[in-house]
Each structure stands twice: as structure tokens, then as C-alpha cells.
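Just below sit the structures, each encoded as C-alpha cells.
You will see two complexes here that share chain A, one where it goes with chain B and one where it goes with chain C.
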Partner chain A sequence: MSVLTPPRSAQSQPPSGRNARSASGARENFSAWANRHRKWLFAAPAMIFVGVLIIFPLAWTLYLSLTDSQGSVRAASEFVGLENYLTVLSDVERFWPAVGRTLSFTGVALVCEVVLGMCIALLLWRPFRGEKWVRVAILLPLVATPVAVGMMWRLIFDPNIGFVNQLLGMVGIPPQPWLSGQDTALGTTIFMDVWQWTPMVVLILLAGLTSLSEEPDEAARMDGANAFQRFFFITLPLMMPTVIVAILLRGIDALKTFDILYATKGKGGGSFHEVETLNVYAYGLSFDYNQYGLSSAVLILFFMIIIGSMWLLTMRKKAVSK
Partner chain B sequence: MTVLSNTEENIETRTANTVRSAPAPRRRKPLGTRAYKTFRVAALVAVVLFLVAPLFWMLLASFKTNVDIYDTGKSFFFTPTGENYANVLQRNNYFVFIFNSFWVAFVSTVLSLVLGVPAAYAMSRFTMHRSALVVLMARVIPGVSLLVPWYYVFSNLKMVGGFEVLILSHMFVSLPLIVYIMMSYFDSLPLELEESAQVDGLTPIGAFRRITLPLSVAGMATAGILSFIFSWNNFMFALVLSGSKTKTLPVAIFDFVSYASIDWGGLMAAATVVTVPIMIIALFTQKYIVSGMTAGATKG
Partner chain C sequence: MKRRSIVQYAAVAAALSLGLTACGGASGSSDAKAAGTVRVTLANHVWTEGIKAAIPEFEKSSGLKVELTQLGEDQLSDQYNVKLNAGSDEIDVMMYRPLQEGKAFAKNGYLADLTSKVSSDSGWDWKDYQEGPVKATTADGKVVGVPIITEREVLYYRKDLLKAAGLEVPKTMEELEAAAKAIKASSPDTAGFVARTGKSAAVTQFSSFLYSFGGDFTDASGKSAVNSEEAKKAYAFYGGLIKNYGPANVSTDMSWPEAMAIFTQGKAAFYTEADSLYKNATDPAKSKVADTVGFAALPAGPAGSKPYNIPSWGLAVNEASGNQDNAWKFIQWATSKERTLAAQKAGVPGPRSSVWADPAGTSTYPKDLAEAISTSAKNGVGHDRPEVVTVGKAREIVGGPIVATITGEDASAAADTAHDAFQKFLDSEKK
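Moving on, here comes the complex of A and B:
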């Protein structure tokens, strides 16, 4: 017998002889129709919702990027073709440094998070006493509100009253301008990102580790491989697809980081310049300077960078999975 | 063959058993030399300290007067005061902001579940990967690029500063999250359960409603809790789209920061007020958060 063809017709079609226009007939017809089209009936509302909220704004952004829109969005603006893109791409003072910061923020944060995350996940792999407490500790940064976390670090890294400089003072190192320094600000914000999001990488990698099959590892042990050899030649290659998932998930968010930067450097924190990433740059152009045309061009370029890097990673993941 | 059975109770008990008897994750036996064990304890203590100490510092500062915060001699030993909290909760009307945050997160989560769960179901069952990509795109697009057009349209509709626009924008965050989590949940739910229910006379939608939905309560809890947390923590959309009456907590924190000076005690108390409720929820729902965060991660 075929399980795949349910006896739907017997139930949902009105028996012959009854008036097809009766209320129950109409209801049954509707239910038959709904069942037949459930694929789109279920999927369409969510897709329409997201589609309207994405496609229309993206189209608008694309259009704005071709105009000299300034001041009010509704003020008539002129079509300037690719001028904004040329302006932005030749802007070596703010745009290119912002690209550099975005990529280095994401790159450095990701490397730290994945390496640290892998170490912590390996530590947690096998059961131990007090596991519960470590899990709680891992969860706390993950769920903490990013803006509050930014404020917290702002106090800790404050040059005058911050705990970090107090600690350094005890070992005789002079106070550092962590968040305001030209050279230290980006690194400090990367550190914050690592603190908050390494736990997420740990969770993902730990899930990957516990679902690994034990046989290859055991076979290697029989053959006399030491712990390092087994990790680098057995566990790590098997974990690559999970590692790439973690990089993808974290990478997308790291590229778009805004909350922590705004909380530590925004209002009352001096200028953004040391940590101005593409996201912050575009936000400032739009909402502080009303340069909608320019900011839209930045955003379109930013979007292309994101899509490009995601595409590269998914390709890599497919290659690894094969 | 035991798939055929006539009563619904039977189907439900059997499905519950099938789900429960899924193999528990295997744990390895602890092994290693004594040196490794000592190293591991030390490393784990360091990890826990690294993750918890900053939060502890924030908590400490929230009980200090501003004078004590500036006094490095009083880092750990000081007379605690509740002044900052009184200031936050009374003078700054934080109860309103707490309610705003809660309401926006709650409604956007519920609405996203209503839209997202059936969508995820269809996308999982009919492997609509391209359609799923449309929804997941929402996670990839930088929020700033949506804010300018949204702000323009919503202010023309006189909606900026209302709850509707905040809820809509937060749904934009929660919906992709819920679809992503629920898709991997439905992927892991055996198809046979629904098929046998259909053999027993339920329509496909009936089978979804009476078999699949009750079985996915855990998945929906996971998705709902995570969506609530992300909505509670969301900052950028509320920064632009909320009004003075609909301000959410992450935006309200900035009340303690002015260009000239910062009320550190009040700021830390406000930051604590934002994070503590969400942490308490997280501690009670640990299992769900972990399974949500790792959803779909282990499928090569």
C-alpha cells in the first residue's frame, strides 16, 4: 500500500447528489483547495512580509545611491548616475579606511573567536564536575544586551577610573587610552566582541564535537597517535563543516556590528573615527549628515562585500563537505 | 506493520515515544593524565572568570556612589547604596521602558511565530531552499540600509514613535531567526508520523495541526525564547524608530550619558536593569537557548 497518497479525496469532496453550493460544500471545497496549495499558503505570508520589508527598501537604496539626495528624503533630488559611487570609491580619507576597519574587525574577531572557541569547546568536550556552572558562565555574555555590554566595557576601559588601568597600574604600566587611542580603539572593541560572542562559537563547535563519531579517533589512538596528532589529523578535518557554519553565522553579524561601537564611541564617547566601520560610516552619513545619496552608495557597496564573502564561504563549505 | 491505528490517542502516544527514544548524545568517558586534569581545571576557571568578571564589575559599580566609582581605593570595599536603582526606577520612569521592551519583544515574537512556523514547515517539507533564502536574506542585510526607506515611509504614515512600527521592525529580526530554527527542527521530525496520520484520515493541514504542531512545542519554545532575547536586545531599529513614549530599554540607557559627563552609577544600574531580566529568563531556559543557537550547525 502506498502511504504517500492519503485518502484525502474521499473526505474532502462532497458526496454526489448534494447541492454543491451548500455552506458545508463551500467549506469543504475551500479546505480541499487549502490542502492542495498548502505549500504556498504556509510559506507566502512570511515571504511577503520579509520581501516587502527588504526588496522595497533595497530598491529604494539603489535608487537613492544614483541621486544627490540630501537634507530631507522627500526633497526633490537630481539623478547623478554613478557619481556617488565614484565619490565614495575615490574617498581615501573615510571610505577606504572604513572598509579596512570593517574587514579587520571581522577578520581578527573571527580568528580569535574560532581559535578560542575551539580551545574552550575541547575543554568542555568530556564530562567534568561543575559543568553546569561553566554552562551558565557561557550563556551570560551571549544573552547580555549589547548596548549594556558596551557601557560596561566603557567603564572598565575608562582611562582614569577603569579597572583595566588600575590593574596595569599595580604592575607599573602607565594608563592607556583604550577606547580613545588612535591605535588601541579598534583592538579594544574587537576584544569586546570576542568576549560577547566566543561563547556562541563554543556552543556551535561543542554541538559539532558531540555529534562526531568516535571510531576514527579511537582507531588513531590504537595506532599510537598522540592527542595533538589526533586533533589536527582527525578531529579538526571532521569538524571543518561545523567550523565554517560558525564562521558564517558569526561573520555576518560581525560585519554588521553597530551596537557596541555606538555604545562605546557614540554619544558622549567622543568621535567614532578610530572605530568607524562601514556600518557606522553609513549610519552617520544618513542620520547625522543627511547625505542619503552618498550613504546609499556606501550601503550598496557594503552589501556587495557581505554577499561576496558569504558566497566565498558557502563555496568553501560545499567543497569541504564533499 | 504497525503504522495503522485508529485512535488519535494512540498516534500521539506512539509519536511521543518515538521522539523520546531518539539516541541521547554520547558522552566520552573522562580520561587523561593528572597533569591534563589540573590544566583543565585551571583553564576552565580562567574561562569562567573572563566571562563573568566584567558583569560582576558592572553589578558592583551599580551599587556605588559616583564618588566611590572615582575612588580607586574603593574598588571592592565600599558601602553599597541603592540610590542608583531608586534613581533609575523612579526618576527616569524605567518601568515604562521595561514595559515597552517587554511588549515589543513579546508581540513581535508571537506574530513572528504565527508567520514563521507554517512557513518553516512548508520550506522544510517541500525543500523550498530558494524561498528560505529570501527570508534568511533578512539576516544578512545591514539594518542601516533598511532604516532610511523605512523611516521615510513610516513617518509619512505617521507611524514613527508608535508601537506598530517597532513591532514590525523587530519582527524583521525575529522572523528569519524563527524560520531558521524551525526549519532545522522540522527537518529532524520524522515524516512518517504525518503520513500515518493521513492514512488514518486526517487532511494534510489537519495532520500538521494535530500531529506536527503539538510535537514541535519544544522547537517553538526554543525559537520563541531566542527571538524574545534578540528583540529585547535590539538597539538600532528602536534608536531610529521609537518615540519618547515607546522608547525601549537599550535606547533609554543613553539617558545617563550626556556630552559633558556620564552618571556612571546610574548608567551601570540602568545597564543591570536591562540585562538582569533577560539573564534570568536565559538561566531558566538554558536548554532551549543552547539548542536554538546550535540549530542546524551540525548538519554538514
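Moving on, here comes the complex of A and C:
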């Protein structure tokens, strides 16, 4: 503090001239102003950050979605109003199937991850021998890069030289198309997502479980409730807020999934767009077709879907917390 | 005391955030120019490996420093899309695909005009470049790139399997089908034929079949021709070969790495692919069948043997770069006769006539491959995909019937569907 604060003697020294007086006056004024607005001043860097990195890109995307921008974003483009939205919303070939895939990918992956995550978290809840090692093993998929995960599974699921089909061959089961099949590809990518992200759900649920108070459970035990009854009537209701947090966090991520899909099936989500979600579709529109207007419209609609579903979940969480 | 400190803390915070922004923007072209640095972005390719090893030579002789960024094909495209779109001057020299991105880049004004530069140095000799590649790197009469790698589609085959089955190397498409059938029948574990199957990826290799059957993607007036009788036959033939004689459980997402892997694992007898990838098949470190691979010109269809003969990669200068003279110096060196010969000896077919005429230029090639290349260079077609601005979308449309046929649908109906979509696409590009 003493370094930052001038000695009192310096402050009380008479100003040596008109300039000095006005300068010190201005400084006093600024200082007073800064103190009055200090909550804004301190928040300013964060606000600039949010403005530059979140609000500006969003606003720019919104603007682009109302133009016929294509080829280059610097090229002249015309304002076309809601035309892009109409084009996108009436597109039953790529857009609506992509919406369907996005929602089913997220829905199925979430259910699997939460159910599996809850089972694993319950297993890890009570201390046991070798617990540390088991925890490390369970967390391993979480630290791997999604693109690398995609590449790895792509090799494992290769129809001709992949490990899984060779393993199946050993027990006499004919090779399956996994990632290359039109009907099986989406399911296979969901499996990869579950493999990679269940650990995160386990982490969240385990944190919730360990913070639960033991008393209701003990009381129920005294009353003769069995393990299932205690789980469904005591633990699960108490865990609901944590479960919803897990669903919320994982849900946003699953909706946005891109890397696993792109690494395994490439542009367009495969030859039949079999794993093309909204994200992959918008990416293709931007980077392969250079149709920035259309792509932006898809992204804005996607953004609204995300906001909408998150709003619903938050409402649910509030209701549960009450 | 407290009041003062708030102002000072705030000032530090503001200065810091401004400072960070300033750092981000500081790597402008003026600095690079002053320091004599050329920023070069290249794709992962055998050609790049050769140039990378030789860069110290260039740095020594020119006094310039080279800052190299190396990326995979798709990442490279995305990088250009973002940086060139933003008008960034952070790239000086760029390796690009003239047939894939050339038209779009030229239309958007991303590529600097090199016309006066290419004709300024007679020793470097622009006239030495083959006509097809030059056409592909010229836009609206202006030279916007220098081709570095050329490609033709050839037939890769397994000598041992053919010998065991008592078959000759197929000269026509019918012979190819018969041979593939015979091999698949005699050993069900080995595919008779393999090639790319991905909707977009297969288009370039399918194109040679299309031309050899007498078709093309568009007709002379620029209208869609993907449902012509010839095209329908070509779709049915290419898709049928893979469906009937291809690997079991064939995936419809194969690009060259996957198809090449099946061939080099010894699981297929015939494979049609770009000649520039031959090292993958003849290098014992990568291929189980390195000793028994043979090469031949693409078998002749009803219209003869008409493979594509194209420049797959070129070098260009970013229009927004403030360092264009140094960028040109790099290109001039990287595409010189000596460097082209060295690259060609390392297995990269180049675009210079003099290097092809020089026996040293083909000395390292398998004899049958060199012959196949010289035949293909004569009767080759100068494009391997629709010549449009949004090539990505066009490839997906005209590639549709390929995958449809592989999965057992009717080629003719799929071609009609593709025709409507392609014509609509062509109309939208004209607007």
C-alpha cells in the first residue's frame, strides 16, 4: 500500500503552477469518478471479454444468417431477411434428419451415461480395497482427446481389419459393419460417446453421493427397507438435483458433439449422412460449401434448440430443489 | 489511501488487457518482411517431405528464413477458409489444390497474380510446364499458381495372383471385370477389385471410368450430363465392380488410405488409384505386397483408355501478403528444374516436360509404372471432378450414384436423381 500511496507531504505540497494544479485536479476528479464506478471498472475486463468473444460472434452470426453470404465472407452479400431460415426449415433432406440425429444422439447417450454413471458411482461410493486404481482406470477415457478417441475406435471397428470383427470371428460371429453400416453408424458413435463421457457423470454423481447425509438412509435401514427401496425412495430423490446438474452439463456437451463424429465419418457424416448432426451439417455448409448465410441460419436455430432444452432442464431443477 | 489504489489497479488491468490484444496483432507482415521471413503453409505429402529437408539450402542461398506450417488436407482447407476469408496476411506461400479450391480462391481474390513473375525468368522456364497443369492454375487469363504435383489414374495389380489364376493384365474394362470375377471366385478371402467408395472421395477416381465410357460430368454447353447413357453405364460398372468383387463388408466411406490399406494388406487383386501414391504400395515398410505389385494404364472402356491427367497440388501467393516478392523467391526455388527432378526421383510425378524427358526423371520408377504414366499423359483428360466453384457440394451430388450402386441400388435411377440435383446446383452457381 505504501508504495502505491504518495506520502502525505507530497499531497499537501502547494502546486507549483497552473498546469500542475489542473493536472492534479484532473487526477483527483478521475480518481473520484473511478471510485464511484469501481464495480464497473473491475468488471470491465470481463465485460470486454464477453463482448468480444461471445456477443460479437453471436451478433455476427445472426447478421450473416440474414444475408446470402457465400464464397467469401468479405464478398458483397445482400440482405435477404428470413429467406435462409425458410430454406433451412423446409429442408427435409438434410436439416430435419440432422435435428433428429442430434436429439436422438444426445438423448440415448445421456440416458446410457446417467444410468451407467449412477451404477458405477454407487459401486465406488463405499470404500474398498484397490479403490484408487479403479478410479484411475475409470477416469482414463476422460483425459483422452476426442479426435484421438475417434481415430482409435475407427481402427477398432474397421469392417475388414478391425479388432472387434476379428474377435467376433474367433467365436464364430460374422463380421458386423459397425461404423460403415447405414443403420449401425449412429449407434456406434453413441457407444463411443458413452465410453468417453460416462466417467464425467460418475465424477459428478460420486461428489453428490458423498455429500449426502447418512441419516435418512440409516433410518430407512432401521425400518427394514431393502437396498432397492433405499435407493429408489431415499438416495435417488435426494440425488435428483445432482443428477439434473449432470444431465445439464453432459447434455450441452452431447448436443454439441462434433469431434468424434468428424474423426470417424468425416465431412457430411458419411456417404449417406448417417451421423450428420446439426453441428456436422453446419460445419459442412461453412467449410465445404462456403454457404455462410445458410450455415449461420442453421447455427442460430441450433443455438435456440440448445437454449430451449437447457431452459427446460433448469426449470426442472428448480422444481426438484424446492 | 484506498481510493488511489483502485485507480492504479484499474490502470494495470486495462494496460494488461490492451497489451494482450496488442501482442496478438503484432505479428504483422512488416515485421516478417524486415526480418526476411517467408511463411509457408504446406500439406502433408511426399513432396513436402522432400522440400522440408532441402529448406536449409534455400535459407543459406537466399538469406531468407522459412517459417513452415504443415497440415493434413482437410485441416489445410479449413485453415485457408478461415485465414483467407479474414484477409489475414499471415500466410505468404500456400500449397493448394487447383481443381478443388482454385476457382473459388481466384473468384474471391485470394491468389496473387503471378503472370509477370512466371515470365520474368527464362532460366526457371515457365514454358517447360505441361499444358494441362498450366491451364488449371490459370484463372481469367492470369497465372495464379505454379503446379508442383501431377497425377493420373493407373491400375495397381498383384502379379502373383494373376499368375496363379493364369490371367493376363487386363487391357479393357471387360477383361478387368472378368479377371476380378475369376480371382474372387477362386479365393473368396481376396477381393477381385478395390477402390475408393466414399461419396465425395470416390468421385476423382470414378472420373476416369466415366471418361473411358464416353461420358463427362457436364456436356459441351455446361449442362449436367451425369444421367447420360454413358455415365449410367460407368456408374453401374464402377459400383458393380466393388459391390460384386470388392472386399466383404465394404464400407462406403473409403478414401485412398482405407482402400490402399486393403490392397497393401494383400486383400485385393486390382486397385485403381492415382499414380502419385505408388510409393505406398511399393515401400516394404508400408506394404505387405511390395514385391508383387504391378502397374498398368487404366483399362480401355468403350471410348478408350481415358484417365484423368491433372495437377493435384500447386503453390500460390496470398494476395493479402505484404511479402510477395520473397514468397515468389521461395516458389521459384521450390519449383526449379533441379528441385522438380529431385522430387520426381523421390516418387512425386512433376509437371515439367524437361524432367519427364530426362531419363533421370523416371529412373527411380518401376518400369511398368513409367510406361503407364507416359501412356496416360498422352490421352489423359485435364480434370477429375466437376469444374465448378463449390467443388465440395458438386462432388457430393455426382458421387451419390457411386455409393448407391455399391449398396445395391439401381445405378440408372440414382443417376437421374443426381442429374436433377446437379443441374439445379449448376443453375445456382450461374446466378
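Please note the rule applied: the second predicted complex is superposed on the first by the 273 of 322 C-alpha atoms of A that agree within 3 Å, B and C clash if a C-alpha of one lies under 4 Å from a C-alpha of the other, contacts with A are read in each partner's own complex, and residues count from 1 in each chain.
The definition used in the following text is that a contact is a pair of C-beta atoms (placed from the backbone, for glycine too) under 8 Å apart; a residue touches a chain by one contact, two chains touch by 3 or more.
Computed from a prediction, not measured in an experiment: that's the story for all the values here.
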item	value
First, second, both or neither for A:208, with chain B first and chain C second	first
Touched partner set for A:42, first chain B, second chain C, both or neither	both
Touched partner set for A:297, first chain B, second chain C, both or neither	neither
Chain B versus chain C as contact partner of A:179, first or second or both or neither	second
Winner by number of chain A residues touched, once chain B and chain C are compared	B
Touching partner for A:30 - first (chain B), second (chain C), both, neither	second
Chain B versus chain C as contact partner of A:287, first or second or both or neither	both
Partner chain in contact with A:109 - chain B first, chain C second, else both or neither	neither
Touching partner for A:161 - first (chain B), second (chain C), both, neither	both
Touching both chain C and chain B, counted on chain A across the two superposed complexes	4, 6, 31, 34-35, 38, 41-42, 45, 73-74, 160-161, 267-268, 286-287
Touching residues (chain side chain A, partner chain C) in the complex	1, 4-6, 30-32, 34-35, 38, 41-42, 44-45, 48, 71-75, 158-161, 165, 175-177, 179-180, 182, 265-268, 270-272, 284, 286-291
Interface residues, chain B side, partner chain A - complex	3, 25-32, 40, 43-44, 47-48, 50-52, 54-55, 57-58, 61, 69-70, 72, 75, 115-116, 118-119, 121-123, 125-126, 128, 131, 134-135, 137-152, 156, 168, 171-172, 175-176, 179, 192, 195-196, 198-199, 201-205, 208, 229, 232-233, 235-236, 239-240, 249-250, 253-254, 257-259, 262, 264, 267-268, 270-272, 274-275, 278-279, 281-283, 286, 289-290, 293-294, 296-298, 300
Touching residues on chain C, where the partner in the complex is chain A	1, 3-8, 10, 13-14, 17, 74, 77-78, 81, 84-87, 104, 107-110, 197-200, 247-253, 255, 258, 261-262, 265, 267, 389-390, 392-393, 396, 399, 403, 407
Chain A - residues contacting chain B, complex	3-4, 6-8, 11-12, 31, 34-35, 38-43, 45-47, 49-51, 53-54, 56-58, 60-61, 64, 73-74, 119-120, 123-128, 130, 133-149, 151-153, 155-156, 160-161, 163, 166, 195, 199-200, 203-204, 206-208, 210-211, 214, 241-242, 245-246, 249, 252, 255-256, 258-259, 262-263, 267-269, 278-279, 282-283, 286-287, 292, 295-296, 299-300, 302-303, 306-307, 310, 321
